[in-house]
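Both complexes below contain chain A, partnered by chain B and then by chain C.
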Partner chain A sequence: MEQFLEKLAEILEVDSVKREDILTEFDEWDSLTLLSIIAAIDSDFNLNISAEQISSFTTVGDLLKYIDSNKN
Partner chain B sequence: MESKKTILITGAASGIGRKISEILSKEYCLILSDRDESKLKETLELCSNKENHITLIINLQELESIKPKIESFLSKNEISINGFVHSAGMMKIMKMKTVGIKDVQQIFSVNLFSAIEIISTLLKKKINDSNLENIVFISAILGNFGATAHNLYSSTKAGIDGLMRSLALELAPKTRVNSVLPGGVKTPMSELAFSDPEILAKAQKEYPLGIGDPIDIAKAVEFLLSDNARWVTGQQFIVDGGRSINLSQK
Partner chain C sequence: MDFQFKNKKISGILTILPKREVLFEDNISNYSFSHAKSMKLKLAMGYNKQRIAEDGVCSSDLAKFGLEYLINNNLLEKEEIDALIFVSQSPDQFLPPTSNILHGHLDLKQDTLCIDINQGCAGYIIGLQQAFMLLDQDAVKKVVLVVADVLSSKVSKRDRNSYPLIGDAASITIIENDENFSDIFCSIKMDGNGADVLQIPAGGFKMPSNEETAEMVEDDNGNYRSLNNLVMQGDKVFNFVQTEVPPMIKKILERSNTDKDEIDYYLFHQPNRFMLQKLADKIGVDRGKLPSNIVENFGNSSGVTIPTNISYNLGNNLEKNIYNVCLSGFGVGLTWGAIVMKLGRVKFNKIIEF
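== the complex of A and B ==
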């Protein structure tokens, strides 16, 4: 999961991300970022997640929790 | 199988490949191929003349397994393949700096390298008895144009169309080779993105005829495989609801 957090930070153009960070408050948060996160989750966890699902999460922690309970 | 022509379809378990299978099942004997056995069975249930079709489970990411699997499959079933439709495709929208070698290998294997391996196999006289007459690739308008973060996907589609043109020359006059280039079509693959209302609204605005349906692509494939297209080879058949010619101000 550490590796994924590093990738998430790369996508969001920040040095690091914390579980309590609010997704929509990142400067880079837009539809392209959202699609990049879908691809990263597919690559790292073999898990298909929709843009709609990601949009329903508030924090980075919510996203991680979803991945943890659904990854293959 | 009766003496209708036999078509191999990759990616037949869902989306465009499934719809192509449904449409072609009326006129052809089909070899429905995918890695997902249970979804492939669902596709078979949707086909006409079910007794004419068989399934072939292949994981296109395992390139070295393709030739031996096809060879033993054709020999065991005592059939040869007249047409090949490469509909299997993988799309990952990712910023270039997050692209890893695993992503490159996956996407290039499924979208491009597997097609090369399949065609090379089907052209061998000992394996397919020189029976390959028609190849249709499901490419994408993204191979001709650009879109942010579609780096790998666009590369593979440009690659498949380069392959298409060269093969059209190499294999003429016996085998015709063409591509269908869809724009945005509602499939399980695109649904991951279109489920976001903002992305869907933007896309709908860009398509003069709206977002497409898999049947729009399947009908184009049906035409290219038929004798109605007997003088058509080496072509990109764009089926995109007018998206690629739309320079209107947004």
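== the complex of A and C ==
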């Protein structure tokens, strides 16, 4: 999961992300970022997630929790 | 579902591209996004140049131009066309079928079967499958498959989701019998539950176009489009492709007794570079074997991208050599399909401009 956080930081173009960070408050938060996150989750966890689902999460931690409980 | 065909080949491919070239940068100011964000999108998706037909140019205009080119250059004889299949989502009119319009324009014989098929991104696979089936009839010796789309006029210029990738094009593929070619394996699947994932809501009989359907509305992501415009749920398309296409490829390779490394080229529909690279990774093939350069050079012309891919990336090498290829198309419907076959020693494989 730490590796995924690093990848997330890269996608969001920040030095690091914390679990309590609010997703929509990142400057880079847009539909392309969403797609990049969907692709990263697909390749790292073999897990499909929709843009709608991601948008329903408030924090990075919410997203990680979802991945944790659904990954294969 | 699975299909298998014997003693058939593709004997020529001609791709017709509109001359007008539009650059991604030309339209950046139409999108409600910062320049930097749009450039990031360009880099990730591989957006650059698009071929857009001049206003008023129909699918049939591109098709006529290509068919006349083949006839005038003695690459196709009118009398030998036993079936004319026209695959498109942008027919000239609701009726008659555009294939019949082409039949009349070329003054073809009465013993020519004309069929229009409404299919998009998987249209080349569906068209080939229909052509192969027709060739099992004694009366059918040669099938001309025309795939053409001029959807750019249906995409909102203020839709950063779809406009940067759209392209117009047509292609003509000749399919005939040949006992020297090995078996062709084909697989096609459908999921109508995803029929709304890629659609043009208005303009048909259910919701005719009027002033109301032309009203431009902003979506959650800052894109503007009307009900007359093409609308795509990009994330759903992405997930659908990554979920359904790799297992289909795996299965068809198994069925055809082909190792994935024995395939020389994976010639896939071209939605954008991002999706194709992820697809190559997931299937486990070298990205170099799965070309993803059509959107950046010409745009995504739905069903025409596979023949464009073949014409652009293999060119006249295909006249001398024979390759093991895996074709795959996926999108509107939802429809997805794949073909494993030998492709080569064709009479022609080239691009011309309209």
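Going forward, the second predicted complex is superposed on the first by the 72 of 72 C-alpha atoms of A that agree within 3 Å, B and C clash if a C-alpha of one lies under 4 Å from a C-alpha of the other, contacts with A are read in each partner's own complex, and residues count from 1 in each chain.
One rule holds for everything that comes next: a contact is a pair of C-beta atoms (placed from the backbone, for glycine too) under 8 Å apart; a residue touches a chain by one contact, two chains touch by 3 or more.
None of the values given here were measured: they were computed from a predicted structure.
Visitor: Using the superposition on chain A described above, determine whether A:1 touches chain B (first), chain C (second), both, or neither.
Guide: neither
Visitor: Of the two partners chain B and chain C, which one touches more residues belonging to chain A?
Guide: With both complexes superposed on chain A, more residues of chain A are touched by B.
Visitor: State whether A:22 touches chain B only (first), chain C only (second), both chains, or neither.
Guide: In the superposition, A:22 touches no partner, neither chain B nor chain C.
Visitor: For A:11, decide between first (touching chain B), second (touching chain C), both and neither.
Guide: Touch partner of A:11: chain B, not chain C.
Visitor: Can A:50 be said to touch chain B (first), chain C (second), both, or neither?
Guide: both
Visitor: What is the shared patch of chain A, the residues that chain B and chain C both contact?
Guide: 31-32, 34-36, 38-39, 42-43, 48-52.
Visitor: Residue numbers of chain B touching chain A in their complex, please.
Guide: Interface residues on chain B, with respect to chain A: 92-95, 97-98, 100, 102-103, 106, 148-149, 191-196, 198-199, 202.
Visitor: Along chain A, where are the residues that touch chain B in the complex?
Guide: 7, 10-11, 31-32, 34-36, 38-40, 42-43, 48-53, 55
Visitor: Quick check: in the complex, which residue numbers of chain C touch chain A?
Guide: The contact residues of chain C facing chain A are 33, 37, 40-41, 44, 161, 221, 234-236, 238-239, 242-243, 274, 278, 281-282.
Visitor: Which chain A residues qualify as touching chain C in the complex?
Guide: The touching residues are 28, 30-32, 34-36, 38-39, 42-43, 48-52.
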